[in-house]
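I'd like to ask some things about the structure below.
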């Protein structure tokens, strides 16, 4: 089937994407292998020696092994808030798609508003403080859930509408209570969209920088993006460390991606595009 | 829900879709998002030092619109949103068409294009700030090999906003492509076969089948990236901080600067302005996109 | 085992009345079919019995228990859905066993019941598959298996055959009949197909516009429909109707005629009828036969020759189209004139309101 | 306030009191959190202090938290104070930024602490509010002016300029020699303000009332010739095309490296840069000299000075005594020695008894005469007026990049400061 034209096109596409997408990453990786002097040149050259381990060690041990704390915190925040997001958003999407009441309009409005309105930071801090949640991982998790709910709900709702209602009813006849219907029937069937949610939200939350900056002060609460920011001026003359840091914190999203790579498109088909 | 009549009670008791399913989400959302948002409406009418707030009516809004660069910031915001969402639509669609065709190394291409989505905005911003350095940056050094004097990507006031927008597209086009791939895969083969029987060329195939039938995907890409573009802050902040001077300021960065300067009331008023801007642009846009969809 | 009793059951959505006061008795072990055109409320009524819809008014007894406010799981019912509603993410085994699992049935008991149901339905080999890997007929079996395993007192079927092709439909219909015979449980079955109703039912309930039109055994409905709606709905092909004038009223019979129908003396109740009234005459296509002196004359429009019988579409003088099913193969030409005789004893007259003027049974 | 004898006591460690106090020092115990900015020097010196202090007091744990610098850091400090979540002890600016913290409500007064006896009054004045002193200096005083590369000056036979014209003449010669005359580093925007801010000595020399009038909304940058001159100087250096090619993207460390290594001749900067030079390019620290930003007359040549940042104690601290003890340790001669050890000496200390080591870098010794008898100096505007517009750094980037003429830039800045004045509730705005 492959004509000569399509081979040439393929090679051209590979070359173009290599230049545009791969080279910046190679640059990051090469920088992470260099020593301080060579990295200061900021050029695309082969490392003079193998300094990756030194750089990694340097980055990880900076500021009292802050990177370790940060990885633990970020992972915890990401895993818990994505789990909560999935359950809460699917619950809302489920009832919203299934039950038509006069509240639906209001709820849809609130969801859209959540997508559009930029969060009011200082009143939020004041409120978290009142709830004794300011500067705690719990507070941060709830913030991430609140800010990302609308998008997750939208993804779910469209898909739930395509699940036949008869399934719910069959389950009820089988003796299921609403929670059984939700957790045993609906949630498993939402898997494709859940994958999309996991990928998009976990990457977003793991990479979030602004919110932890405000709501999660304190060294013991550092997150990985904050380490990058904190180290930025400390490493301002040490590009090798800066890029080692960037490389290091890109690994977890990469793992998520490799895990779900094949299923992402399916989830998008199911959720986002049906609208 | 207030009706005390027996049937209403029965309905509540037995509903398959209980209202309390909304409850956990509603509590989190109301307390941590809605309540502060409503509080901010009040604070936007005050001069607020965090320690105390003095009610000053609409002065903040008047002040905000007197900000010398707000108007340019507004224009920049719209330009940024239009450029990024436009490019994401065009490039995302093109890449998706390419990746759903019989091209070699599809898995590689798909992964590579999606990969930037995974990197944090701060990391991307820092990397490209280095790459776009006017003299030592890799981009201009590469151009120099071909005898081209590269521009000052981030330091030329005419170019800075577009340079950041390009990086935004670089980072975000993978998501747009995936959405488009999903949209294209969902188009039934019958249409292409029917078109082929009608003697359509590849180009006609694209114009008359792919383009109209991928409209839901387009709507999703436009809505997401347009709202994202209007609210964009991280990347601009990581790369130019609105500079040089005020050349790449957007509403979000102006708000942030007011916030940084401790003008909390003013900044909160800016938040309200941004919200109104988004509502004014996005609500008609989504209505337009959805109405078109309805016609299909 | 249990019968059901419906007392003045009503259902309204907002201001729209969907079920307008249904009274019905269903005996224990009876096979009852709700039949009617789409939108008549038959599915709604079934779903109210299932507990999937709230009962706006009236009382529903299953066994002796008032069930208006009882959860579906506590009504001892099982239901088979039109689309089967199998859980796509579970194997057949899990689909069938889901209800038992929810009821916290011990694992060994559950396993035994699932396998028993599979044996009855001859689907042991399918237990490890997912619904997506099954054919339509197999899915139907699984759906029934899911109902059986719960050992309900009442089975509810909501148009279970409508997604099957014609041949499979006949087979499955017979299997359901056999199942009823084997289990002896009460079954309520909704369909819009009167053939299914006729073949399966002990008792048919004909519904139209939320109102019960008639309840009775299949033959009763066929032979003695109480109104024009039931007469038209039951029987295939449909009963022919034409407007006629009363020419004479005799003892237990009315003589009617029109330009389409030469005088025909039809046994009927005569109360309140006077000469000159307009009535509707109904004759089933099978009750017509070719006769040179026949009372009904029309022009042949379409002829369908099936070999064993011939279906003729004729146009009467008034322009009304009738069907006749004639025995054997009849070589008729389109456009030719055809005279048909009707058996007066099988004809039915309807008054202006559509009520059948049935003669008092002998 | 000008020509203060701020450092009269400098170098004369007459007060042995402090040493005595140290001798009877009771061992402390407890926990402190300590919030600092993320500048490399802050981190290094804070770590050194904490290490020294906890060695003396093994039962004390001090946790260093790091925040970003600049406006972002301001925001975090304000937010955490407002929400009662501030660390026990923290670094922050003195002067106008300190005033914006609402000290009376948020900070623990340190007026009566013993160590304050050794702190210069001029410093106390910039960390005082409502009659209470809230801070202690943790760094030396600074000057704002121009770092220059000594080898280039020797090579081209240049003299230290005393007037702006001499400075520009030097620049022309440097440029003619094919070198970068003036380094600018707008990759970090705050560095763009230095020429304008460091010119303030010259503004006051022409117009001694400017600070008061400016605060009272009576004088404006755009309409006061001496003040407008500061913006014009920035524009002049741009228009003369003296900058490094990558001035728009270069960063502060780049600038320091360039002036130290001779990649450029002049780098307008505050003297705290000396420490960074000492750390990053120690081999070239002897090549860097310093002079005040020249005015229009050689007679009136003096230095614009910055008070050091201060260390404060949050009112919400759970262990006020321990916090105060730690602050007094930082503000002791011992603390200064530790600082000299950790990050080098970058300027005169504000604490009696603190000595500079004998071998200070040339840039520091170049600065000292301005502080001594016969030398001339004046505090920067931010220590005389609480009014500082947040957008100055963007405006100076524009003026310095030729995007906006000096006069327009000055007018825009006048507009910008109004918000700040209103926010502070000053009369006359």
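The letters A, B, C and D name the chains in turn, as written, and every chain counts its residues from 1.
The criterion applied here is as follows: a contact is a pair of C-beta atoms (placed from the backbone, for glycine too) under 8 Å apart; a residue touches a chain by one contact, two chains touch by 3 or more.
Quantities reported herein were computed from a predicted structural model and do not represent experimental measurements.
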Maximum centroid distance from chain B, chain identifier (CA atoms): C
Pair joined by the larger number of C-beta contacts - B-D, A-B: A-B
Interchain centroid distance [CA atoms averaged], chain C/chain D, Å: 94
Centre-of-Cα separation between chain D and chain B, whole angstrom: 40
Chain A and chain B, separation of their C-alpha mean positions in angstrom: 16
Distance between chain centroids, defined by C-alpha means - chain A, chain C (Å): 56
Contacts with 2+ other chains: residues of chain C: 51-52
Interface hub residues of chain D, defined as touching at least two other chains: 72, 79, 82
Chain A: positions in contact with at least two other chains: 122, 126, 169, 172, 229, 232
Complex interface listing, chain A residues touching chain B: 1-2, 6-7, 9-11, 13-14, 17-18, 20-22, 24-25, 27-28, 41-44, 88-89, 91-92, 94-95, 98-99, 107, 110, 114-124, 126-128, 131, 142-143, 145-147, 149, 153, 168-169, 172, 178, 181-182, 200, 203, 206-207, 209-210, 224-225, 228-229, 232, 239, 242-243, 246, 249-250, 253-254, 256-257, 261, 264-266, 268-269, 272-275
Residues of chain B touching chain D in the complex: 47, 49-51, 54, 63, 66, 68, 129, 132-137, 152, 154-157, 241-247, 257-263, 266
Interfacial residue positions of chain D with respect to chain B in the complex: 71-72, 74-75, 78-79, 81-82, 100, 102, 105-106, 186-187, 189, 245-249, 390-391, 394-395, 397-398, 401, 403-404, 412, 415-416, 419-420, 422-423, 425
For the chain B and chain A complex, residues of the former touching the latter: 15-19, 21-22, 24-25, 28-29, 31-37, 39-40, 43, 48, 50, 98, 101-105, 108-109, 111-123, 126-128, 130-131, 133, 136-138, 141-142, 170, 175, 178-179, 181-183, 185-186, 216-217, 219-220, 227, 231, 233-234, 252, 255, 259, 264, 268, 271, 274-275, 278-279, 282, 290, 293
Touching residues on chain A, where the partner in the complex is chain C: 164, 166-167, 169-176, 180, 184-185, 188-189, 191
